[in-house]
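Following: one structure in structure tokens, then a few remarks.
Read from first to last, the chains carry the letters A, B and C; within each, the first residue is number 1.
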Amino acid sequence: MSGFSQHHAGRRPTDDPLWLKLLLGTLAIAFIAVLLLLPLLLVFKEAFAQGAGAFWAAITEADALAAVRLSLTAAAIAVPLNTLFGIAAAWSIAKFDFPGKTFLVTLIDLPFSVSPVVSGLIYVLVFGLQGWLGPWTSSHDIHILFALPGIVLATIFVTFPFVARELIPLMSDQGRDEEEAAATLGASGLATFLRVTLPNIKWGLLYSVLLCNARALGEFGAVSVVSGHIRGQTDTMPLHVELLYNNYDYVGAFAVSALLALLALLTLVLKSLLEWRFADELAAAHRH
Amino acid sequence: MSAIGLRLTGSRHVLPGFRLSLAFTLFYLTGIVLIPLLALLLRPFSLGLAGFWTEIATPRVLASLRLSFGMALLAAAIDAVFGFIIAWVLVRYRFPGKRILDAVIDLPFALPTAVAGIALSTLYAPNGWIGAPLAEYGIRIAYTPWGVLVAMTFIGLPFTVRTLEPVLGELGLDVEEAAATLGATRLQTIARVVLPSLLPALLTGAAMAFARGVGEYGSIIFIAGNIPAVSEIAPLLIVTKLEQFDYAGAAAIGVVMLAASFVMLLALNGLQSWAAKRQ
Amino acid sequence: MFLTVDSVTKKFERFPALNGASFVAPQGGFVSLLGPSGSGKTTLLRILGGLEFADSGSVRFADLNWLAMPARTRNAGFVFQHYALFKHMTVAENIAFGLKVRPRPQRPSRSEITARVRELLALVQLPGLEDRYPSQLSGGQRQRVALARALAIEPRMLLLDEPFGALDAKVRKELRADLRRIHDHAGVTTVFVTHDQEEAFAVADLVAVMKDGRIEQYGAPAEVRRNPKTVFVSEFLSV
């Protein structure tokens, strides 16, 4: 019998031919590099275009710091509220049955499919001078628009789905067994939630709060509509970037952008780490 | 014993907290979402149906809608093609640095839109890294409608890639092996067996990219040029009208965009059930 | 004309799946590769089908250096345990696939393809199901379609990887009988992998009992049963 044949067929039928691998690989990497990476690199390059000193001056300038403070404040209010909402919504939707559930879930998904500008527009239509409550609020000297409350509202609108959308399927998959067991053992609602539900959802919760926060700090369109763009007072970080850029202060604009970009990168890194860790936990949680 | 029995069978719900959590949820949603949305839906009709129509039917408004929808469609198509290639490479091939490349895909998702906007604008401007060499060939991207396309392609890419990746990952190799034993070449297998089974996911991802592109504001206004009836996107027109206190006009465009979002949501749901049926 | 398998070995990473498997079967014969999981029977089958590559050894069939040919050109029909039907295609399109992907000069006309599909559906006893989708069929029906699809290319060799493993006992018996009938009708050399000795003995002319990547014993079913050559074989068959 003939010995080992060197005339192999080469590769498995489910492997792509080498020329195809090279072509697709090059196209993919080139597309990502040009479309995604170049803009990111540009942000940092422009931020330091006049040296680290100019960069530092730009981000410690009074209006820039005010913008940072405003962004952080808005996020500090919006994110916890949205987290509370997410937990409440997920609890009622995942652990109970009632009519209209699908409609509720669709409603929760809505901000994701609506333009950010429309998200801001709706609040102007309620609180603006020609809006429903506009005349009432201005006669009582309450300022919603062009002030922190308006910014917080707009931020809440665009970011509230994050926590809910993550927790609803997660808690649905986990079922009610453990909570029911806790109920039979005499635990109150709060105790059940804290001791039984929360540990099961902790990674999903952390993950979605992270995303919610990143979006809250970075939101532009919705906040732009409600803020009034008052420099040093109602400019969040993204709005301040716009202001600086339109005034040809490129180093300033990119310096503040670099801060936001760093936040984005940090979010991506944490997100990846959590996905890794979370994937195991999630698989374990689903097996219950 | 009997106390527990009473608890389980007596009350309407076994688990506590239903009324509280549902009430809070509904209250939140009503205040934050429903009432403002209602304000939007009702405002244009303060002009009556005919008034609504006149608001929309001006050349400037129609041009902005055409631009937003048209470019978003084109961008979604480009994202579908390259999203497929990228998902294929990320799922099927092995090479160093793959993990990093995979994480980078989420960048448009994580990066604030204003930052993306000024970066893209600077990049594709006539003196930018990419804009300058292209200008030599007479191609202008920034401050033209093509800038809008680039920005929309940028922000839509994660949707197509991320929708395709899990589906590709779950595709068993046995159908491809079967095709090979039946005599198909690799390209025939990809075209006739793999791509058709990916179609629902492809369309879903493209639809999501489209929806995002239509509504996008921050990434686009810096690179676009914003010339009325030429390179002015619909969201920008809304903002302009608001600045002029033309609430009704702004709301009219807002309603059109909201209606489009609603249709997209329905279409996406339809796509999901179509995909589920084929399994 | 024989199918000659000579000393085929295969390692996955460091696991030796095949340790020198050899057998000879006459053209048109029906061979069953029988053994527990891990015995290498599926690996050997996949090597015959071109879905894996052997590390060493050779296979000759129809005067061809079998292992040097890519799966595409071997014309070896393969039936998978979980059917591997193309879910987005109808039954007819599935069966016609092997004919449609042929290069133009060798491609039959549309009417010829339709006729052939109808013929094959009758052969596997599923007349009239051309326009159904796999999701609308039962497990047994799906496997019949898979068989028809493999037969459509007029294969020189038919390879089946535990094809009835996912089906219940009654359906198994029916399909077994149909497979034998089709084999006898078409005269195609068939290699059939299974861990179920009753099945192997009922359907094959020649049985290869495998363990740890080797063929422990090879012969006609009655012969193997009467004279088990090793302890493993006699224990495996007595269960």
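We take it that a contact is a pair of C-beta atoms (placed from the backbone, for glycine too) under 8 Å apart; a residue touches a chain by one contact, two chains touch by 3 or more.
In this text the structure is predicted, and so the values were computed from the model without any measurement.
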What is the identifier of the chain with the smallest separation between its Cα mean and the overall Cα mean? B
Quick note, more Cb pairs in contact for A-B or A-C? It is A-B
Most widely separated chain from chain B, with each centre as the mean of CA atoms: C
When the centre of a chain is set as the mean of its C-alpha atoms, what distance in Å lies between chain B and chain C? 47
List the centre-to-centre spacing of chain A and chain B in whole Å, with centres computed as mean CA coordinates. 15
Round to the nearest whole Å and give the separation of the Cα centres of chain A and chain C. 52
Residues of chain B that touch two or more other chains sit at 177, 180-181
Which chain C residues touch at least two other chains? 50-51, 71-72
Interface hub residues of chain A, defined as touching at least two other chains: 13-14
Which residues of chain B touch chain A in the complex? 4, 7-8, 13-18, 20-22, 24-25, 28-29, 32-37, 39-40, 43, 82, 85-86, 88-90, 92-93, 95, 99, 101, 103-108, 110-120, 122-123, 129-130, 150, 153-154, 157, 173, 176-177, 180-181, 186-187, 189, 211, 214-218, 222, 235-236, 238-239, 242, 245, 247, 250-251, 254, 257-258, 261-262, 264-265
Interfacial residue positions of chain C with respect to chain B in the complex: 49-51, 71-78, 80, 82, 84-89, 97-98, 101-102, 133, 135, 149-150, 152-153
Across the complex, what residues on chain A touch chain B? 13-14, 16-17, 20-21, 24-25, 27-29, 31-32, 34-40, 42-43, 46, 84-85, 87-89, 91-93, 95-96, 98, 104, 106-111, 113-118, 121-126, 128-132, 153, 156-157, 160, 176, 179-180, 183-184, 186, 188-190, 192-193, 214, 217-221, 224-225, 237-239, 241-242, 245, 250, 253-254, 257, 260-261, 264-265, 267-269, 271-272
Chain C-touching residues of chain B, taken from the complex the two chains share: 172, 174-175, 177-185, 188, 192-193, 196-197, 199, 277-279
Given the complex with chain C, which residues does chain A contribute to the contact? 1-5, 7-10, 12-14
